[in-house]
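First subunit A sits with subunit B, and in the next complex the same chain sits with subunit C.
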Partner chain A sequence: MRLFATLVVLGFRRWSTYRLATAAGAFTNTVFGLIKASITVGAIGAAGGTLAGYDALAGATYAWVVQALVAPVNVFHWNELALRIRDGDIAVDLARPLDPQFAHLAGFLGRAVHQFIPRGAPPLLAGALITGLALPTSPLPYLLGLVSVVLAVSVSFATWWLVNLAAFWLIELRGLLTLHIVGMSVLSGLVIPVHWFPDWLATLAALTPFPSILQAPVDVITGRVEGTAALGVLAVQAAWLAGVLLLGRLVFARGARKLVVQGG
Partner chain B sequence: MTEPIIQVRDLRREFVVRRPAGRLRRERTVVAAVDGLTFDLAEGAAVGYIGANGAGKSTTIKMLTGILVPTAGTVRTCGLDPVRRRRDLARQIGVVFGQRSQLWWDLPLAESFRALAAIHRLPEGAWPGRRDELVDRLDLGAFLATPVRQLSLGQRIRGEIAAALLHSPRLLILDEPTIGLDVLSKERLRVFLAEQRTLHGTTLLLTTHDMDDVQRLTDRVLVVDHGRLVYDGTLPGLSAQVGAERVMVVDLVEPVRDLGAIDGTRCVAVEPDGLRHRLAFTPEHTTAGAILEAVGRRAQVRDLAIEEPDIEDVVRRLYLAQLSGDGRGDRP
Partner chain C sequence: MAEAGRFRPYRVLLGSRMRSQTAYRRSFVSDLLGSVGIGLVEFAEVYILFANVEVLGELDFAAAALLFALANLGFSVADLLVGHVDNLPVYLREGTLDAYLLRPLPVLAQLITSDVSLRRLGRVAVAVAVLVVALPLNDIDWTADKVTLLLLTPLIATAVFAGLFVCAAAIQFWLVEGAEFANAFTYGGSYAASYPASIFSLPMRLLFTFVVPAAFTAYLPVLVLLDLPGPAGTPQWLGWCAPLAAVVIWAVALAGWRAGLRHYTGTGS
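Now for the complex of A and B:
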């Protein structure tokens, strides 16, 4: 555990060196939060005041909380592993008495810890000032929510890990990474809540780990699911995490067997 | 008798190279980067592993460390099967890939040592002492707090070597550690490595293009060419076998067309009107001092330089000697 903690701290510190980038990211998240909250509120108004259990305030809250989480769970980009495989730096990872997936997960969580406040607080603050936020008043949803966010970050990592592993077989990954971003953006509930999806799309989403990345933690934090239902949501996240991590390990082992690191 | 720290038997590694042939078809060829290597390394040895670019040096090292899976043959490093026991092996060896970094690019150098101590599970009370020793001997103190991305090449390489030695490995594998370093930095690194060997008995396996590295640091040389071992022995033995010559370049104050015969040398070239003479010699037959003295008796010397035989040249000569089958290159 000391090792995992050290690697999380290093992940945190790596990102904390880039303050201007963090500030710019927080600004962007907030601006997009405003746009999304407006559209969400507009859609709920057009639907007659409530939509799948969201009234205007709940809808705006959803948009702002998603914006607060989007940086920590890292929906938009992670290609560190793919670059290391392509450049051959993976050789350095393999020359350590360390499981690469474990090490990268720790780094990813460290990054998330760093992003949590500086990238999360500004959209929530803006939301509280502009539209107001409908958040629970008891501590339990926040405690469960914290667990849910840690699981969400880890699930996100597990899916990125899997996609990055394609670098063992392919040189150019941009198309695949873009596909992953699009899939994750839509099916995680980044654009609109998964609860608004037509049945066929909701079914499709449920067959992927993506709702576990944003919809799940937001449902738990905002108290949309409570008690046993909330624990159920956490269980689904944990199951996806275990499954996708395991798949990632198997694929990594296959990739490492055919690994070619040329030159130097 | 103790088990060799590295044991390699009939080791082979193939790569598949695909080349476009026609519009859609791709031609698939199999290239053997390592082709039937067999050797042992005793604990405590210092071995130079040399060969031209593409000879298979790095491929061998990656198989020794469990990063690449051999196509055929066996490897045992520190008594372990490297691929199966990669993580256990990693605790006992230190590796520096000259072209790659194992330091945390965004963070101060000191943080990399902290991370590696955790990764190797070094006891909290013990590793700072080792770190301080390395910081002192490699002179890292001035830039411990500097982010790795801002270090100069020489500083970074010293940091890399310290990182590889922090867990006091039994075996240190250096893949072209002095590449790109200036003369002074190379020299300091060599002094450090020799000292570590004396102090800790670390086994050293070194690939390099630099003959000076081999001369100063190793007591045995393995030469690989096209994936095959073409020489295994001492460096003087290698020079004797291929007749590799050093060249003394002397610049004269006044042009002299012909210096006449100088014992133990062969005149390779005389440049612009006799101002510069290039004299080839082997250290077995004469010394640089004797040549300089002989030249000095005939002309006034303005400047001189000594060119070492380069590894490509040695390997090429070795290869040619084998082809001509003159019996001198018949060792495996």
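Now for the complex of A and C:
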């Protein structure tokens, strides 16, 4: 556990070097938040004031909270493992006395911890000033929300890990990674809340771990689900996390068995 | 030297890039599928919204699909042709821009022709497909003017987004590490352009019309095509001013690019 904490801290420090990049990212998240909030509020207005339980303020809040979380959960890019497999560095990871999945998860969480405030606060602040935010006033949703965010970041990692493992069998992964981003950005609720999906798409989303990455933590933080329902959401997230991580371990073991690293 | 001779270096460069991209068939196909996927995601958002509402910002689903198609067609073609200029920070950091400076051709022209991302044809295809389906679904009172406008709009939209990409690249001479800052205006502009500007607040509408001319790429022309009056601040007749917006954004882009290039001092060795 101490080792894990150290790796998380190292992940944090690695990302804290890029201050300007972080500020630029936060700015872009905020501009997108503004556009997204306008679209959600516009749609809710067009639907007559409420849409699937969201009134205008709740809809705007959804857009802003999603924008605050999008950097920590990392919907857009992670190919570190694929690059290490491709250039053979994975051999170094395999030689280390710690589990590669465990070490990468720690680094991924460290990155998320670093991005949490600097990438999360600006969109929320802008949201509070421009549209207002409908957030719960009691502490419980935030506590559960924190757990949910940690689970969400971990589920995101687990799916990225699995997709990256394709590098054991394929040379060029860009197309596959893009398709992963595509699937994740629709089905996680990044573009539109999952609760607005037509039935067939909602069913499809429920069959993937993606709603656990954004819709779930946002539901918990904003108090859309409370009490035992919130615990139920956390349980679903935890189940996906366990399942996808385990699948990742199995596939990794298979890939490592066929791995041949050139050079000396 | 004949006119054709002057462009020969660019033709050779582009030809080599295209051959290299299509050399690995399976990689290219998976890249194309990824690009189709991006186009579909963008459209999925419009589709899901209209699964819940009838009308958004005075546009029904057919009109919103037309708007989406025009904005996306312009953006994806611009992305295909010049989108790779957002790699500039990499050239700046690694000092590889110096190689471009040594060749007797304009740096911007070299950079633009240094690559063409054929995989982005996937997204172009999605936009064209949506356009072909959406156009007959709209009740448009066709006149010669409107046909001209419809034909010009994708070209102008491409020019506007390409100009935005060059503006974004020019800023990188100063920011380098803050490349993502510019995404707010290129990708953000494209995102805003795909939705009726009437759902935005007035300041935001003015921003995405007169500062980042996103509304000129699709929304304003669609207002003209459908004979809609347009919201406060952006009346319908502005739709005819789209070519002017393209000229202005390119003037800004080229001025910014020159200033940026003059600011560049190399990374040393």
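Heads up, the rule we're going with is that the second predicted complex is superposed on the first by the 263 of 264 C-alpha atoms of A that agree within 3 Å, B and C clash if a C-alpha of one lies under 4 Å from a C-alpha of the other, contacts with A are read in each partner's own complex, and residues count from 1 in each chain.
Rule of thumb we're sticking to: a residue touches a chain if its C-beta (ideal position, glycine included) is under 8 Å from a C-beta of that chain, and two chains touch if they have at least 3 such contacts.
The model shown is predicted, which means the values in this text are computed figures rather than measured ones.
On the superposed subunit A, the positions of subunit B and subunit C stay apart, so the two partners fit side by side.
Once the two complexes are laid over each other on the shared chain, residue contacts for A:52 go to subunit C alone; subunit B is not touched.
In the overlay built on the shared chain, the residue A:98 is in contact with subunit B alone; subunit C does not reach it.
With both structures placed on the common chain, the touch criterion links A:192 to subunit C but leaves subunit B unconnected. Of the two partner chains, subunit B is the only one that A:259 touches; subunit C does not reach it. Put simply, the three-chain overlay gives an angle of 90° at subunit A, taking C-alpha centres for subunit B and subunit C and rounding to the nearest 10. The partner of subunit A that touches more of its residues, comparing subunit B with subunit C, is C. Contacts of A:176 after superposition on the shared chain: subunit C is touched, whereas subunit B is not.
By the document's definition of touching, neither partner reaches A:129: not subunit B, not subunit C. Once the two complexes are laid over each other on the shared chain, residue contacts for A:2 go to subunit B alone; subunit C is not touched. In the superposition on chain A, contact of A:10 is made with subunit B only, not with subunit C.
Once the two complexes are laid over each other on the shared chain, residue contacts for A:89 go to subunit B alone; subunit C is not touched. Across the superposed structures, the minimum distance from subunit B to subunit C, using CA atoms, reads 11 Å. Under the contact criterion defined above, the residues of subunit A that touch both subunit B in one complex and subunit C in the other are 18.
On the subunit A side of its complex with subunit B, the touching residues are 2-3, 6-7, 10, 13-14, 17-18, 88-89, 91-92, 94-99, 103, 257, 259-264. Taken in their complex, subunit B has these residues touching subunit A: 15, 58, 62, 65-69, 86-88, 90-91, 93, 95, 97-102, 104, 106-107, 111, 114-115, 118-121, 147, 175-176. Subunit A meets subunit C in the complex at residues 18, 20-21, 23-25, 27-28, 30-32, 34-35, 38-39, 41-43, 45-47, 51-52, 171-172, 174-179, 182-183, 185-186, 191-192, 196-198, 201. Within the complex, the subunit C residues that touch subunit A are 24, 26-27, 29-35, 37-38, 40-41, 44-45, 48-49, 51-57, 119, 175, 177-181, 183-185, 187-188, 191-192, 195-196, 199-201, 204.
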